Each structure stands twice: as structure tokens, then as C-alpha cells.
Amino acid sequence: MTIAAARALRNGAVCFVGIGLPSTAANLAARLHAPELVLVYESGTLGAKPEFLPLSIGDGILAETADAVVGVVETFNYWLQPGRIDIGFLAGAQLDRFGNINTTVIGDSYDAPRVRLPGAGGAPEIAASCREVLIIMRQSPRTFVERVDFVTSVGYGSGAGDRERHGFIGAGPTMVITDVGILQPAPETRELVLTHLHPGVGLQEAKAATGWELVASAELEHTPPPTTLELSTLRELEQTKAGRSTVGVL
Amino acid sequence: MAIAALVRDGDTIALEGFTHLIPFAAGHEIIRQGRRRLSLVRMTPDLIYDQLIGMGCARRLVFSWGGNPGVGSLHRFRDAVEHDWPESLELEEHSHAGMANRYAAGASGLPFAVLRGYAGSDLVGETDSIRSIVCPFTGESLAAVSALNPDVAVIHAQQADASGNVQLWGICGVQKEAVLAARRTLVTVEELVERLEPRPGAVVLPAWAIDYVSVVRNGAHPSYAHGYSERDNDFYLAWDAISRDRTTFQEWMEANVLAA
Amino acid sequence: MAIAALVRDGDTIALEGFTHLIPFAAGHEIIRQGRRRLSLVRMTPDLIYDQLIGMGCARRLVFSWGGNPGVGSLHRFRDAVEHDWPESLELEEHSHAGMANRYAAGASGLPFAVLRGYAGSDLVGETDSIRSIVCPFTGESLAAVSALNPDVAVIHAQQADASGNVQLWGICGVQKEAVLAARRTLVTVEELVERLEPRPGAVVLPAWAIDYVSVVRNGAHPSYAHGYSERDNDFYLAWDAISRDRTTFQEWMEANVLAA
Amino acid sequence: MTIAAARALRNGAVCFVGIGLPSTAANLAARLHAPELVLVYESGTLGAKPEFLPLSIGDGILAETADAVVGVVETFNYWLQPGRIDIGFLAGAQLDRFGNINTTVIGDSYDAPRVRLPGAGGAPEIAASCREVLIIMRQSPRTFVERVDFVTSVGYGSGAGDRERHGFIGAGPTMVITDVGILQPAPETRELVLTHLHPGVGLQEAKAATGWELVASAELEHTPPPTTLELSTLRELEQTKAGRSTVGVL
């Protein structure tokens, strides 16, 4: 999943990176095919080049290695909002068939939620304003749902035309990378369809991991297996993680 | 510290610091003073607000992301929202972009800020401080958020000089905005120096824009002060277990904060 | 320089620099290229816009203060407004606060900015880019100004590195906003360095936010580049006499700009 | 005039300073009774302590000696607009009986002016938002007029209550310091009345230098004559002026 995400990052792109898998994937890409990837963390570090994986978006290593450190107001207003960022990374507790993301509450009621999640953070505006959005999430019927309990960040809303109605600058989620494969929006409906399966995963497995009637693309492909170099670079990178402990990332 | 003079029951307070320079020591003093019914404002509540909430200091939380960064949930925050323990917690919830602009409006003496934000998000329906506004030139509809002007802002910085000018550097977050938006302000600092040596990327707050300065060495721990300390990532990881259980949490607070 | 590729007849261009780091060399190149019907945008037009106006490059001036700082009038600007020489000049006139916020809105991808400004001033009646807006929370009426998004922004900076990242320091004005608001950008710099050494108070613009970088030593003269040159105050004083008379002005431009 | 202006600056006040007489007066006060005067120049230098008089508000000496140098957007939005500045200094080509200032055009028509002046600069918002405003101008019937040709910056508008109607934070021009004496707003009408004459100036002279029917305060006083220290400090200061030439300041 991390390797598939890293592959999706073209050299020279400017990425708005959250902590966890996105940070790992971006740092992995920078060490492989994309040495000129520009990492922007929402803590205001433009062009950070951390030697090891930070635990939080505010780790000192990000400020030390950045081309520029700016305030949070500037980060959102001058850099994210006008559409200067090529790729935004998002994840969530729930994702629906139109790529909308929930990171707020699980349950029917906002006021009395079953599970209170951390909330929006930078996601609504990342989802709206980055030129494109990559979503990385583990796929399960519990997390890939027909309709999210709460729309924190909009993917394609209720389908084609919705982003345009909202006046969004960016194209929306062009790729959802999971442990099962890759989903992409169908050009006409904007519904997420399965375009790639990871090696060793079958179509039935993918459908079973999805809470809606998952459609597979007519040109369903398999992602190439990880290379030795990809695997070893990822392993090295993860060993450098700040805090030196293995952490479950939300 | 100046906390006793500054923070009153029922106040709206902002302890800011974006992962870096979080004023933990000041937060602990607020807990020791037994303040109640506070409206807590912070983009990223972090462990210090988890502690304030768990200790019953808060009535309301104004925020944009309430998690333990890179670790997971803030359990005391969740317990308050999900089970009203130790009491119920009102939420005023925003995105980062919205919160940052609310502080900026507050610092600018404006009643609101305009941004491209929240469109299509269910947050709009839950928060009265998000409304829409129409551009008087293009007719385009945009989001408006009301200004934040906390009663008190507290930040932690690396240095103050003899005149009370303050300098912070590294990741500077929204601290300048929080201080300039607030009615009363306290800056805790790692050390007093004769003269502030200008530094790359630093934010300097002149003495006349601040009410109180206190020296509190390591006052941001387990957060950090760039150039003075490292982020105690192990403590952030350990907090998950400490905070998960009400009794463990209370015992830890008793031993490490109330008795300190 | 990249001026030939960047600036076309009829463009809206902003050469920014608040007294410090004014891109004179780039302005002279625009004059040599014989550009016409430009909309010139600048908070403080200064001598370089006096020259562009006097040489007939401009159709329109968007500005907030058009004088020779500490000296007096910009005579070419006055001659254009008072006597349509060498041709008439449309004005779009603001205050500094308004212009700064217009750039900030442009840099932020917003169609307008809100400020407490212009109330009671006759400027409101003369400028269509000032309107009023009502706060959706308090009902208070405030000023709205439309965003500035020039076709081209040109600034001068001290240094660029091998990758094209740019650093300027000293008085930084609205250069960051002007660059981020513009569709196409050129930065002239005093020198190329292997690596940008971070400096107190510096603005760093990453290479991916800029289109062209050109090395033009002393490219801000008679303005200055902090750390590289001093402001040529004597030239600012001398300009008063050079520019007062049309013929003297033209001869000076011929000898010192066109023939250069 | 410069000395009278310097005297009006209390120690510890935060002043928004324009170039010319205001800058000279503020620097003079800082060398006399107000060593802790805070000078803010609109170029973004907070707490500048120049060793010599700058020619422009953007001279390098201001940045070198400032407590902080911030951008112009921040200067106006975070520092001036919310009312953080105690004293703003203004001047103009015309001033009217209600303290309104014209720095835009002389003549009846904005589009075809007799004299085109530099324009507003920071003045409209300085006039609105500083806690109080000091105006320094040479007094003559040509410049002190019944009604300004163009209201660039509002003093008291058309009289009492107007500032409140505009929602201004600051108190407006509390003192107009001229080469003749000092004018202050009458508490009820906000019309500028003569409260002080400089030594050697008579009331008739003051009235003759005013384009409206100048009223003198019932408690009309004389300003104390300049002291030797004030004069010598001013002379020293002016000798340090950048550019080393004597310049007529607009």
C-alpha cells in the first residue's frame, strides 16, 4: 500500500503531506524515483527533507530541513488555497463510493457519536484545493461504506458535477490506494471503481472488502509486485521512525 | 507564573503551539488552580487539552483536530464527548484553515475572515461560526468564519530579553495570531537573555504586545522547544495507555501534576 | 533578462519593493523593449514608474502613494495626470492598507479582501475596486477591495541558489504577495549562491513558485539591496531636477536607459 | 514646530511614523524625554531605533535597528488596524476646520486636478485606527481651509459624532501642531480651535494664517520657548540626515 502510494508520486510534484502513511509514502518516493518531490507539511514547512520519518507534522527535523518555514495562516491561505499544491494525501475512518471522507464521528448523531474521531484538521481544504488528491486507507466493509456517517471532506459529493458546483479548484481524489488494490473515479459518474488489484488479491476478495457494490474496471490490472529496492528502502525508512516504536497510525 | 492573575473561571483561553512549543507547564498550572467552565480554544488540542478536559476544567472546546499526533485518539476528549465524563463538553468544530483564519481575523481587529473552505462539508451544519458570504465584485459565494478573540492566550517561546521582548523560532504555528487576538496574554519562555539575537525564521513579539512573561524551563515538555529540547515522542506514545483508563489517568495527574 | 518573454503590450504588471529592492533594471528593460499600454501596479510608484510613465509605456496606474519619498513630487506622474503628457493616465487609487490587502487576496486565491478602511474618504467614490461588505456575524459594515492578480510580477532579491530558490531580507514589503498573486513571475537577484544560508527576517520563495530568475548585479539601483548596496539618496534628490522638465527627462533617459 | 511635536510624545508610547517632520519629531523625543518611545514605520519596522534620520521609510537603518521587521500586509492588518498604535502622525497639503486631510488632489476635479498630490499612502487607516492622531503642518490660509478639496483621511468628518458613525477605533486628531501654535478639537463641536501660540506669535497672525474663522480657546496659552537642549539636540539630529542635503519635505 505504501509502495503503491509512493509510485503514484511523480518527480517534481509538490505534495501536501499528513503524518502516517502519506508521510512514509512521500519520503519513500523521494528516496526512489522522485528525488525532487517537494514535501509541504501543514505545520508550515515548505520543502522539508527529513532524514528520518517524523512522528508528528511538527517534529523539529521538518523545520531544520525545510526550504522555508512559514506560519500556519500563510500555509493555508497563500500555499494551499490558491491551488499551488499538486497532490494532497488524505485518509479517514470512513470513505464512501464517491470518495467523500469521514474523520469526525461514527454513528448517526454528531452530538452523541458512537466514536468521536479527531476531526477535520486540514482535510476539507486539502480535498478542495489540491490539484489532485490521493487517498490511502485499509479497505474493509466497515470503512468503505455506501455513505459516510459524516462528510468531513468532499471527494465527488453525490457524483459528477458536484465539485464544480462547490467551486473547488482541484480535480478531487484521482486514486484511492488500499491494501487490496487501487480505486479510481469512473469518468462519467465519479463513482470509485476498482482499477488495480495488488499481487495475490482476487476480485472477490476486493468486493468482500467493500461496503458498497464495487464495480471493477473493464481494464482491471494487477499492480506490479514491489521490487527488492522498494522493499529494502521502505524497511530502512521505517527503522528510522522517530520515537523508535511501532505505532498504529489512525 | 501569572496564571492566577490571568485565567478566571468561565474564560475563553487559547494555549497555542502547533505540535512545537506547546505551553504544557502553563496548562498544568491552570489545572492546579482548579479553574472551571473554561472554553478551550486550540487548533490541535493535544495532550494538554486532554488533561484539562479529563480534570473537569472545560465546558467547551473550539478546535480543528483532536488527536494524539501519529499515535491515535485523545481518550479523555473522547470520553467527554462520548460519555460526558467527567462532564459534557460542547464542541465548536472547524477545519485548520478555518481556525487559522479565525485567529488571523481576531489579530486583525476584524469580526470575520473569508476563505475557500467547508463547501460540502457537514461541519457547516454543526457550527454557527461558519456562514457564507458573497463577493461584492464577482458574486461568488465563499465561507466566512467569525473572529476568535480569546480572553487569554498563552504561548511558550524560547527567549525573552530584559525588556520583555519575546522570540520564538522553528515551527511557529499560529502563536503570533493567538497572542495578538487575545485580550490578555502570557508567554512562558525557556530563558531570559540580555539581548535577542535575530534568528532565521523567528517570530519576535515586542514587549508592548504582551502582558506577562514568565521563565519556565522546559515549559513545553513533552512538546519541545527547538534548540532547547527534543519532542518526547515516547511520552506521546505512553500517554495512550495512561489516558485510556479514567483511574489510571487520575492517578497519573495526581502524582505528576497536582502534587508537582 | 526574461522581460521580452514575460511582458507584453497591454499587460498588467507589478514591479514591487517597498523602498528597498525596487527592480529598476527590470523596469529599464521594459522601457527599452518599448512596451505600451501597460497597467502599472505598485503601492509606491517611485522613480521607476515615473520613468515608465514619462516614456509612454503606461495607460493606467494602480497605486496608493505616488511621490519621491522624502523629496517631493514625481514630476512625470504629475505631468501625465495634470497635462496628459505624454498621454493620459487612468488612475485606480487606494490606500496602502487597501493595496496590501488586494495583493494578499490575490496571493490567497480569493476574489476580495476585507479591511477597516476608506470610511469617510473620498477615495471610495473614485475607485470601483472599493465596495462595502456586511459581516455575516455582527452586521457591521466594512470595506471590501477586489483582489490584485497581475499578469506579471517582477521583484528584485539578494540571492538565488542553484535550484532557483530565492531569498530576500531587510524590508520585505509586499514582494511575497505580489509574486504569489501574479500569473507569471521574474525575480532578478544580486547573485547566485550554491546554497541559501538562512537569515533572520528573510523571505524565501521556493523555485516552484517562480517562473524566471535572472542575475542582475545592482539591479535595484538607485534603490538598494540590504547587505549589497546602500540606497542612493543623492540620486533620489537629483531626480527632482532631472524629471521636472520634459526635455531634460528625455535626454537623461536616452543617455542612461535607452543607450545602456 | 518639530520641538512642539516632540514634546507631545509621551515616553513609552507606540508611534506610527511617516517620513519628514514626524520622523524628526519622534527621533527628537526619543533623544530627550521619551527614550522608550516605540517607532513603527509603515515599511514594517517595529521598534526601529535609527542612529541618524532616514530619508525614506524604507532606509536600511530602520530594518537593522528594529525589534522586528514584518511585511506590509502584517503591519497594516495585525498592528495598525486593531488599534495597537497609540499615536499616528499625519500631514497634508490641506487641512480643514474638522481636521480632515487632503493629500490627493488640489482643484475641483479629481480627474482633472490643478495639482496632483502623492495620494493616501497609509493615512486613511492611520487616521481611523491610531488611538490618537497628531497632525504637523505649516499654517497658511492656502493650506488651512474651510473645506478640503478632497477628503483623503478623515479627522472629525463634518463634526461631532461622525467618527463614531464610521466605526473608527481611534479618537482622531487630538492636536494639530503648526509653525504658529497648536490647535485642538473643541470637545462639543470637534472644530479645531487655537489652544496655544508659539512664543512671539500673536492671535491676529494666527487668524490671518487660517482659511476659516479661527476660534481661540478661552484658555489660550503660549508654548514654552525651546530649551537650549532641545535646540541643540534637534540641530545634531538634522545634521545626521541621510543624503546629507536639505530637502523640502512635502
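We just call them A, B, C and D in the order they show up, numbering each chain from 1.
Here is the rule we use: a residue touches a chain if its C-beta (ideal position, glycine included) is under 8 Å from a C-beta of that chain, and two chains touch if they have at least 3 such contacts.
Just so it is clear, the structure is predicted and the values come from calculations on it, not from any experiment.
Enquirer: Moving step by step between touching chains, how few steps can get you from chain A to chain D?
Expert: Counted as steps through touching chains, the separation is 2.
Enquirer: Using mean C-alpha positions as chain centres, tell me how far chain B is from chain C in Å, no decimals.
Expert: Roughly 39 Å separates the two chain centres.
Enquirer: Taking the mean of the CA coordinates per chain, how far is chain C from chain D in Å?
Expert: Each chain reduced to its C-alpha mean, chain C and chain D end up 27 Å apart.
Enquirer: What are the residues of chain B that contact at least two other chains?
Expert: 104, 109-110, 115-116, 140, 176-177, 201
Enquirer: Got the chain A residues that touch at least 2 other chains?
Expert: Counting only residues that touch two or more other chains, chain A contributes 68, 77, 81, 129, 169.
Enquirer: Name the touching chain pairs, would you?
Expert: A-B, A-C, B-C, B-D, C-D
Enquirer: Note which residues of chain D are touching chain B in the complex, please.
Expert: On the chain D side, the touching residues are 12, 14, 38, 46-47, 67-68, 77-78, 81-84, 129, 169.
Enquirer: Which part of chain C faces chain B closely enough to touch in the complex?
Expert: For this pair, the touching residues of chain C are 109-116, 129, 131-133, 135-138, 140, 142, 144, 146, 198-202.
Enquirer: Note which residues of chain C are touching chain A in the complex, please.
Expert: Where chain C meets chain A, its residues are 104, 107-110, 165, 176-177, 180, 196, 204-206, 208-209.
Enquirer: So in the complex, which bits of chain C are touching chain D?
Expert: Spelled out, the residues of chain C in touch with chain D are 18-20, 43-44, 63-67, 69-74, 77-78, 81-82, 93-97, 100-101, 103-104, 115-123, 126, 140-141, 170-174, 176-177, 201, 203, 224, 226, 230-231, 233-234, 236-237.
Enquirer: So in the complex, the part of chain D that touches chain C is made up of which residues?
Expert: Touch residues, chain D against chain C: 19-20, 42-45, 54-60, 62-63, 68-69, 71-73, 75-77, 80-81, 104, 110, 113-116, 118-125, 128-129, 150-154, 157, 162, 166-169, 242-245, 247-250.
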